[in-house]
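Just passing along the structure, written as structure tokens.
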Amino acid sequence: MIRTVDDNTWRRYSGVPLMVASLAYLVAYSWRVIGDVTGPIRPVLTIVIAVTWAMFIVDYVVRLLLARERSVWFRHHLPALAFALVPVLRLVRLLRFLTDLPGIKPTAGGALRSRILVYGVGASAILIYIASLAVLEAERHAPGADITTFGIALWWACVTVTTTGYGDYVPVTDAGQWVGVGLMFGGVALAGVITATLASWVAERAIHGQPDAHPATHGDVRALQEEVARLTALLDRPQTDPPASPPAAP
Amino acid sequence: MIRTVDDNTWRRYSGVPLMVASLAYLVAYSWRVIGDVTGPIRPVLTIVIAVTWAMFIVDYVVRLLLARERSVWFRHHLPALAFALVPVLRLVRLLRFLTDLPGIKPTAGGALRSRILVYGVGASAILIYIASLAVLEAERHAPGADITTFGIALWWACVTVTTTGYGDYVPVTDAGQWVGVGLMFGGVALAGVITATLASWVAERAIHGQPDAHPATHGDVRALQEEVARLTALLDRPQTDPPASPPAAP
Amino acid sequence: MIRTVDDNTWRRYSGVPLMVASLAYLVAYSWRVIGDVTGPIRPVLTIVIAVTWAMFIVDYVVRLLLARERSVWFRHHLPALAFALVPVLRLVRLLRFLTDLPGIKPTAGGALRSRILVYGVGASAILIYIASLAVLEAERHAPGADITTFGIALWWACVTVTTTGYGDYVPVTDAGQWVGVGLMFGGVALAGVITATLASWVAERAIHGQPDAHPATHGDVRALQEEVARLTALLDRPQTDPPASPPAAP
Amino acid sequence: MIRTVDDNTWRRYSGVPLMVASLAYLVAYSWRVIGDVTGPIRPVLTIVIAVTWAMFIVDYVVRLLLARERSVWFRHHLPALAFALVPVLRLVRLLRFLTDLPGIKPTAGGALRSRILVYGVGASAILIYIASLAVLEAERHAPGADITTFGIALWWACVTVTTTGYGDYVPVTDAGQWVGVGLMFGGVALAGVITATLASWVAERAIHGQPDAHPATHGDVRALQEEVARLTALLDRPQTDPPASPPAAP
């Protein structure tokens, strides 16, 4: 097979279908779980979920196969793996327009921080929603379970992701507990992302408006180095020359 | 309408009335909830709450309309939006005098850190108090609820904002659970603010009292650059001049 | 009154008595609570506790009165206030010998970090112990309380300070709940201290063993500035002098 | 005794046996606890556990005795102490190959961060697994205990290490509670490690791809210093020399 299709071409054509598939997945999964669908619509929804998920898996495998060095591509595209495993995460991409805020002239770190916060908060909201659906589906009809409505599931997911853990509602099935473990560790990571972003903001804010207090950059020193190099060049020209030849304007 | 009133003029005249309104809101809301007022005073308190809240909303809308570029103003004044939604937060401004501590010569970061901590702790205290009132009002008369006194509500709010979550008292109404979700995520953010401020303090403290260990600043390099520039100027003057012309005093 | 006694003199003479008082406080308080002393020894222990506590309060007030500018002294000696309110915290000072570890050549930040960790962990251990005593004394004989042994109190304090909050044991008295609130917020602060110290360590470790990768310091630039100044001085001397006069050895 | 064996020699010969012992320990301990072994195999497994543990203790003591300055060695080899106390932690070393990722050109901090995360996550996973075994062994046959299966123990360990603390399962024995205390404090430390690593990543990422925005390093300034020194040398040579002597090539 001649490798005439590369990753960029593939992504240009697969972008819109995958976004549509992601929305279809979200609607079908929400409908099946929240509506507790049992009639003939249930297999239809299940097929939609399966097909859209399969699309994401296929997309990931194709991109992996298209890559020149697959192990390198794998490590550089961990978010793509997350998108393949949890298709609705792709909807985070819709938040991209929020990170290019007109009217805010961001600093070097400011642009990164708003991107981290928008994507972090967006991904967390999606994960809380999907985890609520998953735990509800796992628990609802289990004996002894008390997470039986979507409202309770959402409340439980918030209590879990912030690691508050009242214990008023607790999953009792294996699947529900795995969802809980994911939310807990995700919550620890989310708290870490928020804290790290705040730390970066505090560090930058402390020197806000005082350009001379900013740490010296590599660029500052390079500019200075060029000036010294120019000076050295000046000195190295024969010094007994008549002054008739005017020095080159700096 | 000719735009003769700008944001600064508006704020000069609205500052004191809004602070009074904020205090009136606090008193009326506390009275209505803690006193569990049911007689003819209740509608009076409710009107005070409604009017003061409306004042904050009007203030926000007017300032938004006065702004030249509204989308820019919106993003640069997110705290003002928080003040409009939770009027008592404005009381945090009363803490301003605490951040200008005489007798402490603050470092660049020190002033920022004390401001962050004073406002952060102040806003947290106000939020815990208001959340206790809100959860008490939502739960008190709900069937099966156990948050029935202000003392319990305050205890529950502290247990929730620190994400401890014993589960001895848990809200059961929708409104009470929303208050809980706000407190939990607020608690994660508060912990992040505290940690980020401490990280900034540790970084600065590590080089405390050793000026030479401070990171080189842009200003340091700029001073050096000026010195090199002066040196270059010295070199560029014709060197065969008689020494009679004394060199310019540096 | 002629101010012939200053803070240093006072501390030289008060240091040993206060350390002894701190130990006496610890023993008397532990004995009274853990032993659940009821006989004639109880008033003796209570007097020891009251007297030692009074000593710390007196010490604090005297030092405050000795200070030239009291408001400055107050803000610069917040730890002293903590020692006055919780006398056993003074025992943290006994850990001082742990922070001067022979055989470890600490970096600028390393010395600070080991000091923060030793004092932070030491103060936390003392606070957990004292909080266990306080909650046990408050709860033990309260109706409906389940924190009735020192072992349970210690377990509850650990569960609370890490903000885990199982809820298997929860204080029901006002005093017990205040102890809990202190532990929860103390736990959030402790987690922040640990995280901030680790962040400082990661930042320093990333450039460990690569001196050239360390950030340029103010001292680096100052050394360079001196060299450029020397160069300028060289250039500013009359250049038509005979070479017979050798240049000053640098 | 002539000290002909040094630490490196010892480690070269002890490495493989200790890794095997570590695996044997893991298998024997898992078997004894999960299988709830009671027959004649139990003493065999207990002997394996005791012997492998003893090997780690002996290894540690021998290395401590081999060290020239024991107190220095002790402080520089705290991980070795952790390996001696919890033999399976040595298995973290097997993760070493994960930290040398081919195809990723790490930055100074990137290599450190991936090492911290791989070892941190690896050690956490091992600790959660071992803590689950330990709590199960302690609780299983205790009266009133509800941690009676390995699945419950694992769920409890995850709930504890993230400081979520639902309280649906809580240890009631002293041994089980000590395991819980270790997990809670370990969880606080783990969250700190994750946050600190993320903070380092955010700080580096903010200047990613902009070499001139990187902070000036000691090396930058040293390079500049050498250039200025060369310039000074140029200036210090007698300036009335005939230009016939060409200047030294820079």
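When the chains are written out, they are named A, B, C and D in that same order, and each has its own residue count from 1.
Basically, a residue touches a chain if its C-beta (ideal position, glycine included) is under 8 Å from a C-beta of that chain, and two chains touch if they have at least 3 such contacts.
These are the chains along with the protein names UniProt gives them: A, B, C, D = PH-gated potassium channel KcsA.
Please read all numbers here as calculations on a predicted model, not as lab measurements.
Participant: What rotation angle takes the CA atoms of chain C onto those of chain D? Round to the nearest 5 degrees.
Facilitator: About 90 degrees of rotation relates the two copies.
Participant: Measuring between mean CA coordinates, which chain is farthest from chain D?
Facilitator: Of all chains, B has its centre farthest from that of chain D.
Participant: Please state whether the interface between chain A and chain B is built from the same residues or different ones, using more than half shared residue numbers as the mark of same.
Facilitator: Mostly different residues.
Participant: In whole angstrom, what separates the CA-based centres of chain B and chain C?
Facilitator: 28
Participant: List the centre-to-centre spacing of chain A and chain C in whole Å, with centres computed as mean CA coordinates.
Facilitator: Once rounded, the distance between the two centres reads 39 Å.
Participant: So which bits of chain C are touching at least two other chains?
Facilitator: Answer for chain C, listing residues that touch two or more other chains: 163-167, 187, 191, 195, 199, 203, 215-217, 220-221, 224, 228, 231, 235, 239.
Participant: Draw the chains as points, connect those that touch, then say whether the picture is a line, ring, star, complete or other.
Facilitator: If you draw each chain as a dot and join those that touch, every dot ends up joined to every other.
Participant: Of all residues in chain D, which touch chain B in the complex?
Facilitator: These residues of chain D touch chain B: 163-167, 195, 199, 215-216, 221.
Participant: Considering the complex alone, what residue numbers of chain D touch chain C?
Facilitator: Touch list, chain D to chain C: 69, 71-72, 75-76, 108-109, 112-113, 116, 160, 163-167, 170, 174, 177, 180-181, 184-185, 187-189, 191-193, 195-197, 199-200, 203, 215-222, 224-225, 228-229, 231-232, 235-236, 238-240.
Participant: State the interface residues of chain D toward chain A in the complex, per the touch definition above.
Facilitator: 101-104, 151, 155, 158-159, 162-168, 187, 190-191, 194-195, 198-199, 201-203, 205-207, 210-217, 220-221, 223-224, 227-228, 230-231, 234-235, 239, 242-243, 247, 250
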